[in-house]
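Comments concern the structure below.
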Amino acid sequence: GDDGYEIALITDKGNIDDKSFNQGAWEGVIAFATENEISHTYIKPEEASDSGYLAAIDLAVEGGAKVIVTPGFLFEVPIYEAQTKYPEVKFILLDGSPHTADYSVFETKENVASIMYSEEQSGYLAGYAAVMDGMRNLGFMGGMAVPAVQAFGYGYLQGAEAAAVELGLGDGEVQVTYHYTGNFEENDTNKATARTMFQEGTEVIFACGGAVGKSVMSAASEADTKVIGVDVDQRYDSETVITSATKGLAASVVSVLDAIYNTDSWATYGGTTTYFNAANDGVGLPTEVIGDASADAFDRFESFDKAAYDAVFNKLASGNVSLLRSIEVADPSGAATAEELVSALNLVKVEVTTR
Amino acid sequence: MDTIYYLIQNMLPVAIPLLLVALGGMFSERSGVINIALEGIMLFGAFFGALFVYLVQDSSMGPQTILLLGMIVAAVSGIIYSLMLSFAAVTMKADQTITGTSLNMLIPAAILLFSKMYFNSDGITTSKSFYIRKMPVLGDIPIIGEMFFQKTYLTVLIGLLFLVAAVIIFYKTKFGLRLRACGEHPQAADSVGINVYVMRYAGVSLSGLLGGIGGFFYAVGVMDGNVNGHTGVAGFGFLALAVMIFGQWKPIRILFAALFFAFLRTLAYSVSLIPFLDNLGIDQTYYKMLPYVATMVVLAFTSKKSRAPKAEGIPYDKSQR
Amino acid sequence: MQDKKRVSQKNKYSIKNITKGSGFSAFSSALLAIALGLIFGFVIMLFANPGSAFKGFNYILTGGLSRFGNVLYFATPILMTGLAVGFAFRMGLFNIGASGQYTMGMFFALYVGFMWDLPTGIHWIVAILAGMLGGMIWGFIPGIFKALLNVNEVITSIMFNYIGMYFVDMWIRSNSTMYISTMSRTNYVPLSAQIPSLGVEGSNVNFGIIFAVILGIVLYIVLEKTTFGYELKATGFNKHAADYAGMKGKRNIVLTMIIAGGLAGLGGAFLILSPSGIAGSSMTYEPVNIIAANGFNGIAVALLGNSHPIGIIFSSFFISHIQRGGSLANLVGYKPEIIDVVIAVIIYFSAFAMIMNAALGRFIRKYITHKEVEVPVIEPDASEEIKKEAE
Amino acid sequence: MENYIIEMLNITKEFPGIKANDNITLNLKKGEVHALLGENGAGKSTLMSVLFGLYQPEKGEIRKNGEVVKVNNPNDANALGIGMVHQHFKLVEIFTVLENIILGVEPNKMGFLQKQEAREKVVELSERYGLKINPDAVIEDISVGMQQRVEILKMLYRDNEILIFDEPTAVLTPQEITELLKIMREFANEGKSILFITHKLNEIMEAADRCTVLRKGKYIGTVNVKESNKEELSKMMVGRDVNFKVDKEDAKPKDVVLSVKNMTVPSKHHKNNAVKNVSLDVRAGEIVCLAGIEGNGQSEFVYALTGLEKMIGGSITLSGKDITNASVRERSVAGLSHIPEDRHKHGLVLEYSLEQNMVLQRYWQPEFQKNGFIKFDAVREYSEKLIDQYDVRSGQGPITTVRSMSGGNQQKAIISREIDKDHDLLIAVQPTRGLDVGAIEYIHKQLVARRDAGKGVLLVSLELDEVMNVSDRILVMYEGEIVGELDPKKSTVQELGLYMSGAKRNTKKEIDNAG
């Protein structure tokens, strides 16, 4: 447009096709903005630092942005600055809440909507489903050990444990190979790692790191094994994806944008932190196949079905299951050892090896 | 035994791009043009190959047909891109290292720019699988079949064919003889009526062809048919240069050098399958460094006596005595 | 050869007065390459979106002016890596390893920044020096490989870019003081280890740029005024003659690579120790196995600056300038990667710009000063006399 | 009008700033040996390159059998039956003899080489003309003489009937020369036409039918050799009477300056040692010449002497000081000056100015630097002094880029630098290579002057005339060994040639006695 772009998204380190935060958020922006014919753009910061992100926000405002979407916790400090600097601009901060660099002050101003997700619930459902479906040899490949990924992973283990208990399996009868790739990329390292896991007998890998999933899917299709997707429903990306631990990134962005432009209810989000979880349908496994109302979203499972899913989902939604989202980890890289996982998450039936 | 099959099956798709690109480098350097631009040429070929796959992946063509056509596209694009090198290095007599470096810088940026403009992406993502569980007939040969013709890509077979062709062209044809003469003593070649410029264009173009195909095969066999501007071909072009030097600018030795590197690389990702290595508990990072460190060690031992084509890097000037 | 001789004989109208002349032609060649690169960029913009092409192009050309602080800030690391590449190039070494040296320098600086407790005012200086040391070590290795084992420095440098990057990422990830796993990046650098800011509004430009420019000038002096520079350039031009003259070629190779590495390491230190406009914040590093781009940008800077320290200072400013402009072109919908394309094209042309430039010059002279250019034909032996007369 | 097989009419060829050929006419009869004579730079090679299609002339035309032909490249020349042995051999070192011979005209079936076919033809040719070669030997392993045979076979293989030899004898021993001249005559008798470039009048007298003389790019005349003599030819060549003799008094050798004992140097090219157990002495006040055919270890000997290459055995003493393990710089300081064989490779930094080159050996001395900073004024002053004293001519004096200077003046710059530097021993390796008569005269004078100033001079030369004229004592090197010591006043060129070709050698004892 001539007067610049009204909605702007600032990417963190990745691009908007990173199969992760950036992409999810950008899909939300596009979906909403095209439908409502609002000009929109995205900006890549010149430098991956707090001040670099702030400079990108400056640039977006200079370019006429009224609403700025910032995906990822890396924006917490820049948004803390920007919320004061640009009181008239609305910020949607995904997966973080504004604070000072030294964590001394946490403050979410009226013009900021802070959005968080209960990834552990989504991961829990995935782990539960896999074990209930008869799998005993599970894998987890997270991107980097950042909170969201950790939460997915811990939930996954807890879900597997819960199912094993429910099935009355013996101690250690379920085995999980747990691994962080150290990146969020599709590359041959990740593929080779997945390949190796499958070669060792792993039946399914929960690929929890953006584009890492592509690598895992490709390894799985070669090895005739299964994958659990993440963030969005990835069944359309590969036949190997039996289900996906979703979190409603795009949906949440659309909800907030809708609140700003259409329902005039910014106040529900502005100035506070909103959690998207099972209770408000913000996370879960997909229950529908897009474009085919009659299709069964659970058709790639052997036995696990919608009924079983609904049962466990409702338990979560009602708040009857309490899950751990983070645990104490000694290693500075954030990668937990098997012992740490087992003891902190009280795993008995599930035996963990890390890599 | 399974582990050995596994290692070989995984090594070959990695070795083949290295082999092809290093062979390309060999043709270029033996004609007298240093080709630092291999990385860029690979990426260029990979990009257009993948773009082609992207455009036709929904058609009814079989994956192996697409792969072959994509290979041709990649070869042609590689040649075109390499012409930028030959133009600068042969016609304009520019510094070959600088030109090569600029070509390496150009293509990732161009891919990012193009992909962002047209796909809102950092590169091209395709969804065609070229993986072959088992090749007909060949895959049934005992042992060999399982090692080389199962769980693999067509690229492996084609790559070996290219190797054979390269050896024949290089040593058995008049073209090969003339090409090698131009890299050693262009004045001598000129004095017997060989057009040095044409031969150098040919040498560089062959490196474009093989580099482009190598890039596409890298995309297919290593990156699942995807290409992006960030990771590019992950330094494979440079590794191929090292392979070429290690292989002493000779095709068969280059084959062994390529296998050596590919093996180390595969090993690095398969540590957990090999109990002996797994038990050592060495940080994964060290294994990732292994191919690079091994390159250094190998070069340290071979460089003293390594003999590059004598005239490489020197622009040929007819009027210079 | 003969060509130059003729010019020198007729130096009354010659544009090439050897030393000044070659500097001039390097400069005009660079301008020619830049012009071609920019035209190329403009054509791309016209293709991408003809409507905004002029606006976007204007941003690229002039956008940097309004953000001069940032131009300087972003010029700092590439100026240093540019010097690292250019300095080695004068010795005939192609230091493509600036990237690894830069990364090492950054790590060493970070290490001192985080792990050493030093008084404010000294801490950042020590951290910078540590960065230099880190880079030196990573330059020393290819130097040794080249000098003692005759391994091509291009290959070594590339390998050590990867090795260095893997090392640094591993070291950082395993250090809980430096690394915050939940953010997958390093912690904020302690204030005492940050380089003092120059206080330009909206920019992190700091004393680093001043040091960098001073270092450029120092290098110029070293190259042009000292015996070391004399040796170094002699080796770069003709290493056999350098051996013949008793220069210690191997020692000089290693020394040059150490210095080059130190320069690149300083670049890494300058960048990572930059202060932040946001209180308590700073630059951070993400150990995600990516080769540092600033090292490669240094190659562009050095080549454009003709490996001349002063030329490198200007070319780093120029490249940073159009990069900032490129970011602004975002505002009218152009992707900033266009600048990287333009820079690569500039380097491509600069590789033979001298030749084009000379051809252009001949062409111009031919048509402007038609008569004078008529080459006086010199008989082989008579040439000596004519030269005598010309003096 | 006679029946010429080749006529080159009014050929003019310019290089930037120089008319290498100025309206030259040359006629070649069928079945004759036609010599082409001229000083360095007279334009001989250029003219032949024009005939061979390597250069295009600005003016003039070429006719074959009376018909105008265009020779745009060597292929055209080949099609016209013209072949050329170049002054600097054009052989690919890593190829075999056979590959070099067929290069460019490879017998092939659909592009595939048919080496067997070629081999048969080559073997047949080599037997017919007595040009002994091994088709499978690699060029870098064979001797220069053998390489020349390969070049000749290259022409024969192409069935050329017009053969150009550009200074073929420069690299050969007298015996090999005689052999070659015989073969050339044989070719002529067979009806082939030969163009033969040389500086050596004897050879012309011996082998040529007619001789065309060029001077400074211009045509001077063509004479029937039988009706002419050496004096006339040399006068035509240089335009004045030439004094071929160097004026000098007898040497008065004093103390030993240089003493080399049992030096052994490995070869870079082959497995044998390049220098084998060589011992020699050079005294103050004498010019000792190390003679020999190129490639017999002289270069390696000098490189080891000056520290540019490593020796694996033996010792060197300079003015009583052991410098066996000294660095290049230390040797230089100890009193060694070195005029290198290859002035462009070792002697000069071509991109540097003249003054920068003038201090190449001395820039580090306190005279020219302080605390590592170069004293530019001192450098300028010093180089101006040398330029003046040794009459080094250049476009802009001290600031001239050396690359732009003529070969002779480049050489003068090196000589002035090396002579002016404090030294006890001057090593001069082929100091007159590629220079014209005037420059040669000058350099020879300088060498004698050094001797007379009481310095030791070690001259390494391939030119027999130079060896005979300048030196006081001759040591002949053959295959890495000193095989003879001669007194120039008492021996002949023929005798020297026998030593150089290894046909004759003194016993160790004889050498010791003589020395």
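A, B, C and D label the chains in the order they appear, each numbered from 1.
Here is the rule we use: a residue touches a chain if its C-beta (ideal position, glycine included) is under 8 Å from a C-beta of that chain, and two chains touch if they have at least 3 such contacts.
Please read these numbers as outputs of a predicted model, since none were measured by experiment.
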Pair with more cross-chain C-beta pairs in contact, given B-D and C-D: C-D
Inter-chain centre distance, chain C versus chain D - centres from mean C-alpha coordinates, in Å: 44
Cα-centroid distance, chain A relative to chain D, in whole angstrom: 78
Centre-of-Cα separation between chain B and chain A, whole angstrom: 37
Multi-partner residues of chain B (at least 2 other chains): 116, 288
Multi-partner residues of chain D (each touching 2 or more other chains): 15
Junction residues of chain A, two or more chains touched: none
Pairs of chains in contact (touch as defined earlier), listed by label: A-B, A-C, B-C, B-D, C-D
Complex contact set, residues of chain C against chain D: 1-6, 8-9, 11, 17-19, 225-228, 230, 233-234, 237-238, 240-248, 375-384, 387-388, 390-391
Residues of chain C touching chain B in the complex: 44, 48, 94, 96, 145, 149-152, 154-156, 158-160, 162-163, 166-167, 169-170, 289-291, 296, 299-300, 303, 335, 337-338, 340-341, 343-345, 347-348, 350-352, 355-356
Touch list for chain C against partner chain A, complex: 70, 74, 173-176, 178-179, 181-185, 188, 202, 204, 276-284, 286-289, 323-324, 327-328, 330-331, 333, 336
Chain B - residues contacting chain A, complex: 2, 6, 10, 14, 116, 119-122, 125, 127, 129, 131, 151, 222-224, 226, 231, 234, 266, 269-270, 272-273, 288
Residue numbers on chain A that touch chain B, as the complex places them: 15-17, 26, 185-189, 191-193, 195-196, 199-200, 214-215, 218, 221-222, 237, 355
